[in-house]
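Below you'll find the structure I mean.
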Amino acid sequence: MTHDYSLGEIAAYLKAELRGDPEVRIKGLNTLQNAEVGQLAFLSNPKYSKDLADTHASAVILSEKSAMDYSGDCLMTADPYLAYALISEWFTYAESRDSFVHSSVTLDVSAKIAANVYLGPNVVIKEDVVIDAGCYIESNTVVGARSKIGENSHISSNVTIYHDVTIGNSARIHSGAVIGADGFGFAPRETGGWQKIHQLGGVTIGNNVEVGACTTIDRGALNDTRVGNGVILDNHVQIAHNAVVGDNTAMAAYAGIAGSSTVGRNCILGGDVKIVGHLMVCDNVMFTAKTLVTKSVTEPGSYSSGAMPLMKTVDWRKNSVRIGQLDDIARRLKKLEE
Amino acid sequence: MTHDYSLGEIAAYLKAELRGDPEVRIKGLNTLQNAEVGQLAFLSNPKYSKDLADTHASAVILSEKSAMDYSGDCLMTADPYLAYALISEWFTYAESRDSFVHSSVTLDVSAKIAANVYLGPNVVIKEDVVIDAGCYIESNTVVGARSKIGENSHISSNVTIYHDVTIGNSARIHSGAVIGADGFGFAPRETGGWQKIHQLGGVTIGNNVEVGACTTIDRGALNDTRVGNGVILDNHVQIAHNAVVGDNTAMAAYAGIAGSSTVGRNCILGGDVKIVGHLMVCDNVMFTAKTLVTKSVTEPGSYSSGAMPLMKTVDWRKNSVRIGQLDDIARRLKKLEE
Amino acid sequence: MTHDYSLGEIAAYLKAELRGDPEVRIKGLNTLQNAEVGQLAFLSNPKYSKDLADTHASAVILSEKSAMDYSGDCLMTADPYLAYALISEWFTYAESRDSFVHSSVTLDVSAKIAANVYLGPNVVIKEDVVIDAGCYIESNTVVGARSKIGENSHISSNVTIYHDVTIGNSARIHSGAVIGADGFGFAPRETGGWQKIHQLGGVTIGNNVEVGACTTIDRGALNDTRVGNGVILDNHVQIAHNAVVGDNTAMAAYAGIAGSSTVGRNCILGGDVKIVGHLMVCDNVMFTAKTLVTKSVTEPGSYSSGAMPLMKTVDWRKNSVRIGQLDDIARRLKKLEE
């Protein structure tokens, strides 16, 4: 964990303009407020400008404009937040990525494991699996038959990938995620109860996808469930069978897409947004937290149905009971107007 | 994965009326739109009738009435969707179900494992567990002391079953599911904070139950939490301590039942429906998505409180703020009327 | 499971006043209604007073006042529910806590494992981990590099603890929980898509914390995510990066706190409560089920926005559509008044 870089080499990587001493040593990142000597801070949100004067950071990433109020060593760039994101990779904890297969791994003889792959303790790899170069698969993760993991993917411990799942390059999948479990498909029986519809499709996931902890992506009923390139999924997300998620769409915690719904590219689903089944949502749509999407959306923009005003419970009770009288209220108002 | 059946034998299994060539070979299922030669499609929802003329399917499952508009080989049946569900089992991926105990299994000497059972890599079976005939338990799954799994159950990888859990026959449990964790029971301490109530009950689950990925069923405080026969649970479902779920009830993703509530038979909980604690819901009740159930329901039917109209965020803000004024609006209207 | 105590020793432990025979043998707990001979029941909620006359319990925990209506052996105490909670520990299933490291454990040579620790089958302990005395860590659980588990903690099977996580003493962590996965941090790229912000902080958890099944606590972006002492978390809870949860706060199932929000001490979040990012909630606040918290709360008390009246779906449709007309209704009412 002792990373140590010069401000000059950081500036070069970020293509930022360096003002001050390029030899300053940087061994960590922090906020303006908490930074210590040897750390690099950043100023993106103007409400933290007040912290600039008092920071102990050895250098700051900021805009050219903000730099006018700062006399210390700094890196000037048009988008300090993006620059912070980019340089954060240099300071992340890198597991010792020796490429080896732990002695406790259960590896089917038909699986194809590329060079430079790490398979941790108790990993289970089933028949005809393909693991591409540079993959890092941690303890107790299971990869089902005929599934394929693209190069440089990092899969944490206790992940389950079922059979016939295809994952692109540079995936980041967190613990507890389950990819390829059966979609929830059942036909009602005449005599009562449910007849299971066996889920014959798989899952296809693009490149550069992030899958959060305890997030689930179900396999399709007949064709594959599909997740595009650059999609980012927070924890506790659910993508049901035959849903389609377009490139670069982001889903916050507890966001869910029901069966056979399609969400376009560059969409943002806030926390706890739920999209019911068989809908279409076009590109560039934002849904605010707790929205229930009950109809298709064909026009880009921000939509809501969830965020009601927070109030004291005693007031909420008085007001919410009136929701059950709303139709009556509207009719009475109409009558008065007439 | 090379299943290959004659249309005639499929017709016999489905008890469907065959029109055309019984020797046609069927090696897969698909939708009317995507089917290729060699595949069997189905027509259930009338809105897909238009796809009938152009399908490449080698045969179609449809109603007698729809068959009048179709000249190809077909299977006629009263409920094409149910027929599709039934035949889907013939085409599902069947793991090679050799009955063997992998060398890495940790098996307590007191456990009783029936004939014809598969225990995958790293499975852990604790003392006095009973696994009945035909069970298929995949990698890294743990079964706690004295728990019992009924015959022909299929438990995927990375499932946790705690101690004193009884599961009936033909269960299908998906990865990440946790059955028998402690119910959330705490008594407030006089001095502040919480005194844990140890959860002394277990979990009892009936036959033919499906449990989705990352779904949790907690053990009871004093007596068992109970899930009936034929219950189907999607992903991310929560059944709290001492809840009771009646036969054939279905719960969609994120549906949750709080402690000690009882839900009857043949109920349907839409996605994200939450039932608060200590309620009774009778048989044959449907709750639409995102409904919060705050009182007992004694009459069958469909109930709601969750699905509000989706609108542009700018409009939502204008309208939702009025919810906080509703009581005032109702009173002012009353006054005007007087 | 054959615990067997005298009523006298139970009375002494609970500091309760015993009325009757101190030699009565108690081998289990139950409700008044279900108790059999040899079991101890309790009466806390007055609505169960009617069960007192007919109980088969060998003794009852109750208040001095309730004892006046009961002639059997009993323990009188000011808070019977708390007394029941306290004595429940005596009757819980205690795994045979031999302190040993199972032969299948993967244990890094640099890890420090105290005396009297149990590490179950397939547990993986990475470099520089510290496990304090009396810890009980069950099958297939993984503890990442440099993480520390305080003494007498009990971690169930299939839990994932990432690197640089600190957990206090007497933690109880249930299966499927994930602690220390990456926070959901991404910066938008100029060219579209998302640049990952590597999450450089860890997680710090206090003493006596309960973490439910499939609950997730993400690591911080720069500094640690923090969970205080005595916090109790139900299943499917989400605590995002850099959230802070104060001592003794309780979160029911599906409650979630988004990034960088701080919740005070002794708060109660009902089921499915969601707190958006960058807010402050003071001590002693209660949120009712399904509330979305969209602004900071500075005054103790109970707040709501979620629980709308449950009604028949046909009535709900009529009323909820009016929510989209509320602003118009309010304006028309105003006009009429004028």
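For the reader, a short list of remarks on this structure follows.
Order of writing sets the chain letters: A, B and C. Residues in each chain are counted from 1.
The definition used in the following text is that contacts are C-beta pairs under 8 Å (C-beta built on N, C-alpha and C of every residue); 3 or more make two chains touch, one makes a residue touch a chain.
Nothing here was measured: the structure is a model prediction, and the numbers come from that model.
Chain-to-chain contact here is organised exhaustively, every possible pair of chains being in touch. Residue numbering shows that subunit A and subunit C use the same positions for less than half of their mutual interface.
Chain centres here are Cα means. That of subunit A falls 26 Å from that of subunit C. Annotation for subunit A: residues 104, 122, 140, 158, 176, 214, 236, 254, 272, 306-309, 311, 320-321, 323, 325-326, 329, 333, 336 touch two or more other chains. The touching residues of subunit B, when paired with subunit C in their complex, are 104, 106, 122, 124, 140, 142, 144-145, 158, 160, 162-164, 176, 178, 181-182, 184-190, 192-200, 214, 216, 218, 222-223, 236, 238, 240, 254, 256, 258, 272, 274, 276, 286, 288, 291-295, 297, 301-309, 311, 315, 318-323, 325-326, 329, 332-333, 336.
Subunit C makes touch with subunit B in their complex at residues 28-31, 34, 79, 81-82, 84-86, 88-89, 91-93, 95, 102, 104, 120-122, 138-140, 156-158, 172, 174-176, 208, 210, 212-214, 230, 232, 234-236, 247-248, 250, 252-254, 266, 271-272, 289-290, 306-314, 316-317, 320-321, 323-327, 329-330, 333, 336-337.
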